[in-house]
Amino acid sequence: MKKLINAVDDVVKEQLEGMAVAHPDMLKINFEPKYVYRADAPIAGKVALISGGGSGHEPMHGGFVGMGMLAGACPGEVFTSPTPDQMYECAKAVDGGAGVLFLVKNYTGDVLNFETAAELAYADGIKVQNILIDDDVAVKDSLYTAGRRGVGTTVLCEKIVGAAAEAGYDLDQCSDLARKVNMYGRSMGMALTSCTVPAAGKPTFELGEDEMEIGIGIHGEPGQKRMAMTSVDEITTLMTNEILDDGPYSRTVREWDNESGTWVEKDIVDQPFQAGDEVIVFVNSMGGTPVSELYAVYRKVAEICADRGVKIVRNLIGPYITSLEMQGCSITLLKADEEILKFWDAPVNTPGLRWGV
Amino acid sequence: MKKLINAVDDVVKEQLEGMAVAHPDMLKINFEPKYVYRADAPIAGKVALISGGGSGHEPMHGGFVGMGMLAGACPGEVFTSPTPDQMYECAKAVDGGAGVLFLVKNYTGDVLNFETAAELAYADGIKVQNILIDDDVAVKDSLYTAGRRGVGTTVLCEKIVGAAAEAGYDLDQCSDLARKVNMYGRSMGMALTSCTVPAAGKPTFELGEDEMEIGIGIHGEPGQKRMAMTSVDEITTLMTNEILDDGPYSRTVREWDNESGTWVEKDIVDQPFQAGDEVIVFVNSMGGTPVSELYAVYRKVAEICADRGVKIVRNLIGPYITSLEMQGCSITLLKADEEILKFWDAPVNTPGLRWGV
Amino acid sequence: MVTKDQIVAWLENLTVVLTENKEYLTQLDSAIGDADHGINMDRGFKKVKEKLPSIADKDIGNILKTVGMTLISSVGGASGPLYGTFFMRSGMAMAAKEELNNEDLVKLLQSGVDGIVQRGRAQLGDKTMYDTWAPTLETLNAAFATNDNTIEVLQAAVNTAEQAMKDTIPMQAKKGRASYLGERSIGHQDPGATSSYLILKTLLDTLVEG
Amino acid sequence: MVTKDQIVAWLENLTVVLTENKEYLTQLDSAIGDADHGINMDRGFKKVKEKLPSIADKDIGNILKTVGMTLISSVGGASGPLYGTFFMRSGMAMAAKEELNNEDLVKLLQSGVDGIVQRGRAQLGDKTMYDTWAPTLETLNAAFATNDNTIEVLQAAVNTAEQAMKDTIPMQAKKGRASYLGERSIGHQDPGATSSYLILKTLLDTLVEG
């Protein structure tokens, strides 16, 4: 394992220290327990958007803390979900009285830890909500699995709902928007190489020189299937078609009811993409793939969308939700309506995403 | 070799096609010969900044075309300098009457090809200047080598001089500023892995599991020395000290004289950094190193600068001048005066760098 | 009777056993998960070890609850809240106790496992830690009905646990990260089922030591 | 006399030889450069091949100049302008010629090499293509002074070129990318010196073919 790190146990801490000294204008960092929060938090009267998850996906989530995006982010150990005390302390630090929305990627660990955190924060008098991101079409059903993983749509949702919170949306409005973005977004990923968790010291899986993994998540875990390596056009076609051809997806989610102080279950079904849809396309590097190759992916996505009557109205291309140094990419399509576009275009000022300011 | 590409001969062309369809609001692309240019070029009365070089360093240079930065960029084959016809045609497309400034990274190929281009453009009645970027302190002398390579300072210079051109600086003022930025900037790079030129199909060099290359350039070429792998703190200390301890550097450069229509030689000497200097710090990924690791590098750079009385006033952290999928990083320090800071902070709107708009 | 000192010794031994098995558990998790289970458990029990001296004089219920809270706030991942809940619930069930009879011992484990199920909603055959615990609890209950030698009964339970752990190999995962692999999860032993076996095995070894 | 058809055949053969040696030259460049010299030369001469049919009826000077311009606008890198200048200058020196005597042949090569030096300002021993050409031109001049058999003299020049190419191995590079390696450039044969040898060798082989 060769990485720019010191002791494996200090990796996350030292990277956060680097972030703190690099971006004091945008964010601050608390170390015991670990959370990243807006330099100007709490902001009275505005909903505070908090996300978090295992480290190793940088710039997500810490790099998305700042004006117009996250109020706070809770980094776990590499690829390990953070603990409830982090989220709870973070919630207390950023709540401006309008409540806290936790954006949770759908992994068993994240879900369980964020649910505990929400309970703790609510018990402290903070209005809370948990909205799940589960957009990975590589996972086919929710009955026989832990459900679809939260991947690329997370980044888009953090941007869009962060802008809505900045604009004064209340907690229910922010939650509705986040749920909608999640229902409108679908993703698929692939890997050319594995990555190495520092503490593990060797690659999570081995891939032959002519092999690739299709349908991976963002944790260096093996994917849906292993296939013979092929051209970027074929890879992109396969992934884009999986996204566009994916049928309705049903699952039951648990959301918090601030009236009764209990979890309520909701059945949610999202609808497939259709000709005529306007979309935001997000082509993401898993970390080790340079942006030049992403443009070759984007080229083919654009061609397929044009063929199928899906109109790309915005795009994001780069390493935003990564798996350490893994080579590979993911593609996310997000159906965009007026509300979504308005908040996508709104100013954002974070280390990882910046425009309009 | 595993990459997201189709046929190796089409790599550059297809990546450019992807860029063109991704960013029609910022840039356009000409294919025969290849150059990227601002969507709103030519802009009457403003100096047009053009850079270029081998491909494989994305987002540099094509990704820096747009408002407040480059007017044009000429991509060669991967790691191979572009040809004079590209620069000449690009110059004709973007010249708004105030002349064209070519920013040239100091490599024999780039220098020779850009000199030819400048002669051609001048012969066509375009006012021209060539300013060299040669900031790589890993190259020790200019008498026994082709001189210092142009690396990280290139990105900063494109941003700063691009903003000056946008603000109405004339060709001489832009040239003076570019020369100053080059003289104020120093860089050093290192690699954990080699990279693979698509057409070559295998890594340029091999590094053992415990080895790293120190003092590399940006073309996957072997570096100054091979060393045993060590911690990020030691690596960063070594590189930052090489930059800070580097003495005066003298060389002779050739610039164009628009009066006489000939090349004139100039002796240039830059001065070392001093305690009390304000600097912009640029920590760059060579492509395969994720931004999380760059923060560990930045953390140590900040510590060393503080110890030595060098004040960091701005920073840039991410993959901006890369070597395909190489793992590794480079560090650039640029002494920043008021003029430099003003143009650093000015709005920029390119695929690779964006703020203020 | 199981003494408080033995419970503390069990927890201390666990910190050793989980350090020894850090790579093994991580290796299992890299086949069907994200290669961190051993690292997570080791991190959590290292924290437990730090905490132990300051709580060793509390009652067993208190000690177990503190272990649970320590795991919740240090492990993360899926196993953090699950094992955290396990110890929290077993602690609540052992409130104020200074020593445990056989019935207590079953109740301790049963409450913990109930907590795991309530949190994680795993069912038998989902290829999780629950697949180790369910048959193990049956063995415990059945064996104590005819034999009150704690060590003999625990030995029988450990045998069941070992078999149950191995029985996760042919299962297709339906919970946790491994479920994303679908049929590719078949043929690998579940990391959480394995750490659960180690937890029980270490309890037996501790009591055998004396 | 060297005929125009022979010059055209030389250029055609070069496209074959440089394709054959694409990997070899790239390999040499990966040791002390950026692994593209073979790719660059092959790309350039493929373009030359495309151009040849349309210019084969021009005079030798014109043909060579077109080759030079083609290389300049298709090769890139350091070798593009250098070999481009080589052929431009040799073309200018052979203006209007339809065939070449021995004196012309020397002048063709000498003018080309002068162009390389003027552009690249390399000196003897800098470990560049010039290190192949300088001793080779000396051999040519000396040999033609006592022998007017073109093929015999060219054979002697090729021998010198081969030796000169190998003599770049112990040199430390002072120009081009290889110079960045300092002492580490020692022990490797220069790619440009090698392609220069191939260019001369192919001229000889073409004339021997007839």
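Every chain is named by a letter (A, B, C and D) in the order it is written, and numbering of its residues begins at 1.
Methods note: contacts are C-beta pairs under 8 Å (C-beta built on N, C-alpha and C of every residue); 3 or more make two chains touch, one makes a residue touch a chain.
No experiment lies behind these values; they were computed from the predicted model shown.
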item: Two chains sharing the most contacts, counting C-beta pairs only; value: A-B
item: Geometric centre distance via CA averages, chain D-chain B, whole Å; value: 32
item: Whole-Å gap separating chain A and chain D, where each centre is the average of the chain's CA atoms; value: 56
item: Per-residue overlap in chain C, given as positions that touch at least 2 other chains; value: none
item: Sequence positions of chain A contacting 2 or more other chains; value: none
item: Graph class of chain-chain contacts, one of line, ring, star, complete, other; value: line
item: Chains that touch, pairwise; value: A-B, A-C, B-D
item: Chain D residues touching chain B - in the complex, by the definition given at the top; value: 26, 30, 32-36, 39-40, 43, 72-82, 119-120, 174-177, 179-182, 184
item: Chain C partner contacts - residues on chain A that touch it in the complex; value: 33, 54, 76-85, 107-109, 112-113, 116, 138-140, 144-146, 149, 197, 199-200, 204-205, 217, 219-222, 224
item: Chain B-facing residues of chain A, complex; value: 2-7, 11, 14-19, 21-22, 55-56, 58-59, 63, 192-193, 209, 212, 229, 231-233, 235, 287-299, 302, 315, 317, 319, 322, 324-325, 327, 329, 351-352, 354-357
